[in-house]
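Take this structure first; my questions come after.
Per-chain numbering from 1; labels A, B, C and D assigned in written order.
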Amino acid sequence: MSVLDDLLLFTALASVAIIVLRRFAFISKFSVVVYVLATVLLIKMSALGYGGEAVYSSFTVNVLGQVLQWRFDALSWFFALITLVVALFTALFMSGAWGDKYRKEHSKEAYGLLQVALILNVLSMLVLLASGDLLSLFIGWELVSWASFMMMALNPDKVARKAAIKYIVYAMAGAMAILMAIAMTYNMTGSLDYVQVMQGMAQLNNSQIAVLVSLYAIGFGIKMGVIPFHLWQATAYAETPGAGAVFMGAISARMGLYALILVIVQIIGLTRVAAIEIPYTFLDMQNALAWVGALTTIIPTYIALKQNDARYLLAWHGVGQGGYMLLGVMIADSIGTAGGIMHVFNYATYQAALFMTVTAVIYRTGTSNFSKLGGLVTQMPLTFMVMVVSIIGLAGIPPMNGFVSKWLIYRALLLDGQPLLFVAAVIGTLGTILSVYKLVHNTFLGQLRLEHQDVREAPLSMLIPMLGLAIIIFATGVMPGVVLDWVAAAQIAIGIAPVEHNLGGIELVQGGLNMIWVTGVMFYGFAVGAIIFYFLGGKSKHIHQYDNYAGGHFLTSKVRYHYSNHFYAGLMHLIGGWYRNIFIKLEYALVSLVSFMSQLSENFYRSSQPAMLVAAIVMLALWYIMSADGSAPVLVQGLQGGMSK
Amino acid sequence: MTSVTELLAELLLMPFIAFVVGLAMVLMYRKIAARLQRRIGPPLLQPIYDIVKLYGKETQISHGLIHDIGLVMAVGGYVAAEIFLPVPGMDGIADKGGIITLSYVLMVPSLGLALGVGQCANPNGSIGISRALTAMLAYDIPFIIVVFGVATHYQSTSLVGMIEYQQIHQWGIFEMPLLAVAGLFALQGMMGKQPFEIYVAPAEIATGPMVEMSGKYMGGLFVMQTFQLYTAGVLYTSLFLGGGANWFEFLVKIFIVVAIPMSVALVFPRYRTEDMVRIMWKWPVMVALIGIAFVL
Amino acid sequence: MKCDEINAWLDALLSEINEIEVTRKSERRVRVDVPASSLPALLELLKGKASYVHLSAISCVDWPGDEEFELVYHCWSYEAKSLLSAHTRIPRNSAEEFAHYVSVYDIYKPAAFFERDIYEMFGVYFESSPYMEKFILTEWNGPPPMRKDFDAEAYVNDTFNWADYHPQWLQDIEEEGGGIAIRPEDIRL
Amino acid sequence: MSKIGNIPVNAQNGKKRTNPLAGVFDELVQFCQSRSMFMLHYCTGCGAIELPPAMTSRFDMERLGIQPMVTPRQADILLITGYVSVKTLKRVILTYEQMQSPKYVIGICSCTVNGGMYWQSYATAKVLNEYLPVDVYIAGCMPRPEAVIEGLRRLMGNIENGKGIAWKDYFQRYDHYLGNQQHLFGNDWQTPTDIIGEARHYGLETEQTCGEHSRILEQHQQPLEPYKMRIKL
């Protein structure tokens, strides 16, 4: 019984226990204990994080000649670590005052279901991460899709339900694409196991690889929410009930990235992907995927800029940062991939912290709408501090960890000589900085409203996970080496040269990065600034918010002297016209096309003798399959090759 | 790696030099402004008088702790940024973090100031900050393209490496003239002077972010302005004019580099926010992209 | 219609109405004295028929002697290029707080502003005028100041005190040799 | 200027100065305060038309280190130019209280000195000194820029030899000023700035700061304590 078995079995048993005990009050404490134990089990496998051998689970199933087995290697250990840590913090967050309020507002049953959804999500993610071959990968993939659908569908109101339905439609389409790709791989390489598939890939010609890569990319891209398929993610994650959004926002979309790295980078190999030329464009497949990542960085971030609700702004950022990771991974050299993978960890920490602060604000003021908030910094100072730490991370500004992974990606783009991709990434970062300040300003700064004067700080049970995450963000920012060790091990697992690093950062002959020095100098600068400020200047007096310059006007609470709606008016004058939500129109067009086709076939089917019609179709299908050298039009020339083997 | 004591000396000396040279630059700016308007202009030590008077104020108002911390972050961020800038004789820790780190450390002061002004709870300040961040978005894109071109040309992102490269070969400005021009344009935006001064528009939003700053807060912003001018000058010099072999040549270069945008600034009126973004995304970006085409 | 035709037509028309008397002071100035009750009708006629579309001002004259306010409506016609001032007398009733008169806001929209001004300065309340509240003298709660019976100097004497003629700072300046070159009492013409 | 001479100045000297820098370099700070004054861009009356010529190329105020600043927070000199109507006086007092001391008031035009040609108008304040401590008067029915600059140089001289302390008078005799203001504006007059709190905070409070007028103020004063950054779970 290897450690992996214990982990998977323990999580399965725990989920059964939680399903059974979901109505009891102690369920929240119980779930916290479950996640702590799961993390302990994972840490027992921590040798993987430092270059250890893959841990195989003893449980195998052979199905029509194929052996399904489950194993953990460095990459899946890295993702599993993030999943379990985020799940632990979410459980901590849900166990305290937030949970009681959720029980009072909704019902004990709803709270229980939320806990169940969380444990099922964690279980399905572990199964996906532990997958040893393509079939178990698909099983895990399906489990994850359905588990996150369950989490989203818990929110009773209409918008959430519609978003959940839209998600599951996208997910099913993605799953079909992946199933198609797996079937074709099996056809071409004769086996499903990663190792044989890898060897089998060598004989395939470029067009077959092109079909495979595009199908896998579409399947995994839908889950990651890359640019053509990004419409479902923001509403779905924003509308999941508070604590659920914390977990979903942080890690659930990254499963797509895991599978993408596993299949495209490890099995097919980026060199093969780069060899495929896309006709009529000077791009190759790898550049095309990198551009998809770059576009996903820009467009959702600027949509986030226009949002008027904190949860939606954060959810759109989730989509944007996903683009960063894809961009990082798609740069073939070691620094870029390290940047992409490390960004998963960094992003999970500050996105979870941000969602927690927004949920804390909702818990205290009842709304996350920017036009109803303002000036909460004096009422909720600790929540404000956590939000500032995480927005510095999200914007990628030095002392925090977000900066390290962005630096890696920029450095890789610089070395790789991709000017336009570099500029696209920078436009994305600047858009993040702008929308992140809008988030902090509209909720915490500016004039305090009359009705929020007696709002109190978030309860302790919510503060502890928030402060914990803030400390993690700062610690991994100052000493990125800790995370870089795991990332290097993961790179070895997927067959890419690991990035050479030390505790402070990266050594490079053409200019490296040492975060300990950078942070040290920054805090030296802050110390000098504080000395200048506190010792050279005289005493200053704190004054009331109505004692303000208003051009000679006497400020009272009757006049709301606060600027928050239409925050970047100047910028919006210029780029306002560019938001023509073309993707939403594209989606409507697709939806109407499908409904039109189904209508067509429906009344075609209802026309005369339906039975005769069905028989004819079945006969045609049989004939088509039987004919060995079927002259029927083949979907693609690649499939033809496979059939003839 | 320079010895620890030498590093400590640099930690103290570099910001101080930056402050003194910055004061001279502020004086130059006001003198140029006066001369252009056919006036005599302020006496020689006027910037120092202003700063000492502001710090000598008896009463100051503050809107809360974040207002204070915001200002400390603003001045401290620039002090930290000075240490990344190599000057003749002192390299600070320019090789620990390259030009990308520097351009991100330069964002720390504007973020700190933004948080501080946010707590001033004055809409003039918030409008000023939203315009300042839009301006940053505007001038940062051509600046980053220039940085990309320069980094690929010198094959290194650390300023020290770039300066050595330029000492051996010619100056950057001769090898990448187009990038130099685009860099100057971006510098104009970065210095926040007249044509792109939308976020400190005294007539419309009562000096934007500085609306609630009195006494030592205003003094802190004056100090920050000196650092801003100094950083812009030194950055451009080390990218395109080959840093300084000795102090005199270095100072001459910085003052010329800073004088050009200043004199351009004083003859232009203020652009609206969207016009600024449009201009910054159109001309310097075009020039820089063509410049990169040559570099690649 | 050319401008003198309008004038001729208007004079003919007004001369038929008996209780008003028209004095044409010049080719471009007409004065009409009309009783208070029929003023709005006259204004409607002027605006509708006689092209006097612009009400440039309403002024008020205080006659405390015969207990009346005189309201003057200055209307201007672009075609006739002439100014018609309609004078009427309304009772002053200084016993109560306000004199009353009807508003002409529905005929001339700018009247609202002029009526508001007169309401503040003279205390004439115009019925159904849209904004009958203070906007110039918001800090003033004394009697309407433009009335002749309001003695400003007396009010000033009891609310403000005066600066002394030769204050300390003037003496300092004089010691330093500055100040007035020639003292008023030594000016000999 | 008005009756500052007879105020007990000893209220201040025993205590530690509020500003460590000022304590150590007293002369330097005073010199710099006189050499760099920020003038508030607030035209209260007709006299303000004389200021642009004083700033531009012919008379160039910047030679004296004087810059126009936009908000009262950054300004040191408040120029009361021209007649001060009762309505404007309310805004002038609000602006004066928003300015940070050491601050100076210069009354330009004779209307601020003794009411000028509006001496018998019911709407204008006659003696500016009752409502604000004024440092320098510049007489003239719109004094020429040379006179304005002469006044400013006189103010610089006062500051340099330590006579520019009229602003303390506002804190030390706040009740006197508050009484005059309430007499003019009515008893419900209040400004958002908490002067008495400020006087206590900077140790400028004397027994004349609070009196019967400030008691009237306390009755209807809105709560003015700033929101403290507190962590109440």
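The criterion applied here is as follows: contacts are C-beta pairs under 8 Å (C-beta built on N, C-alpha and C of every residue); 3 or more make two chains touch, one makes a residue touch a chain.
Here the structure is a predicted model, which is why all the values come from computation and not from measurement.
A.B. asks: So which chains are sitting against subunit A and subunit D at once?
C.D. replies: Common contact partners of subunit A and subunit D, which must touch each of the two, are B.
A.B. asks: Between A-B and B-D, flag the pair that has more C-beta pairs in contact.
C.D. replies: A-B
A.B. asks: Looking at C-alpha means, what's the farthest chain from subunit C?
C.D. replies: A
A.B. asks: Taking each chain's centre as the mean of its C-alpha atoms, which one lies nearest the mean of all protein C-alpha atoms here?
C.D. replies: B
A.B. asks: Can you work out the whole-Å distance between the CA centroids of subunit B and subunit D?
C.D. replies: Averaging C-alpha atoms per chain gives centres 36 Å apart.
A.B. asks: Where the centres are mean C-alpha positions, what is the separation of subunit A from subunit C, in Å?
C.D. replies: 73
A.B. asks: I'd like the Å distance between the centres of subunit C and subunit D, where a centre is the mean of that chain's Cα atoms.
C.D. replies: Averaging C-alpha atoms per chain gives centres 39 Å apart.
A.B. asks: Residues touching two or more other chains, restricted to subunit D: which are they?
C.D. replies: Within subunit D, residues 18-19, 21-22, 71, 73, 90, 198, 202, 226-227, 229 contact more than one other chain.
A.B. asks: Spell out, as numbers or ranges, the residues of subunit B touching 2 or more other chains.
C.D. replies: Touching at least two other chains: 55-61, 63-65, 206, 211-212, 215.
A.B. asks: For this structure, enumerate the chain pairs that meet the touch criterion.
C.D. replies: A-B, A-D, B-D, C-D
A.B. asks: Considering the complex alone, what residue numbers of subunit D touch subunit A?
C.D. replies: 18-22, 42, 71-73, 90-91, 94-95, 98, 191-194, 197-198, 201-202, 222, 224-233
A.B. asks: Of all residues in subunit B, which touch subunit D in the complex?
C.D. replies: So the residues of subunit B in touch with subunit D come to 30, 34, 37-43, 46, 48-50, 52-53, 55-61, 63-65, 202, 206-207, 210-215, 218.
A.B. asks: Tell me, which parts of subunit B touch subunit A in their complex?
C.D. replies: Residue positions touching the partner: 11, 15, 55-66, 68, 71-81, 83-84, 92-93, 95-101, 104-105, 107-108, 111, 114-115, 118-124, 126-127, 129-131, 133-134, 136-137, 140-141, 144-145, 148-149, 151-152, 155-158, 161, 198, 206, 211-212, 215-217, 219-220, 223, 272-274, 277-278, 289, 292, 296.
A.B. asks: Which residues, counting only subunit D, touch subunit C once they are in their complex?
C.D. replies: Residues 1-3, 5, 86-87, 90, 113-115, 119-123, 125-127, 129-130, 136-137, 183-186.
A.B. asks: So in the complex, the part of subunit D that touches subunit B is made up of which residues?
C.D. replies: Those residues of subunit D that touch subunit B are 18-19, 21-22, 25, 28-29, 31-33, 35-37, 41, 56-57, 60, 62-63, 65, 67, 69-71, 73-74, 76, 100-102, 198, 202, 226-227, 229.
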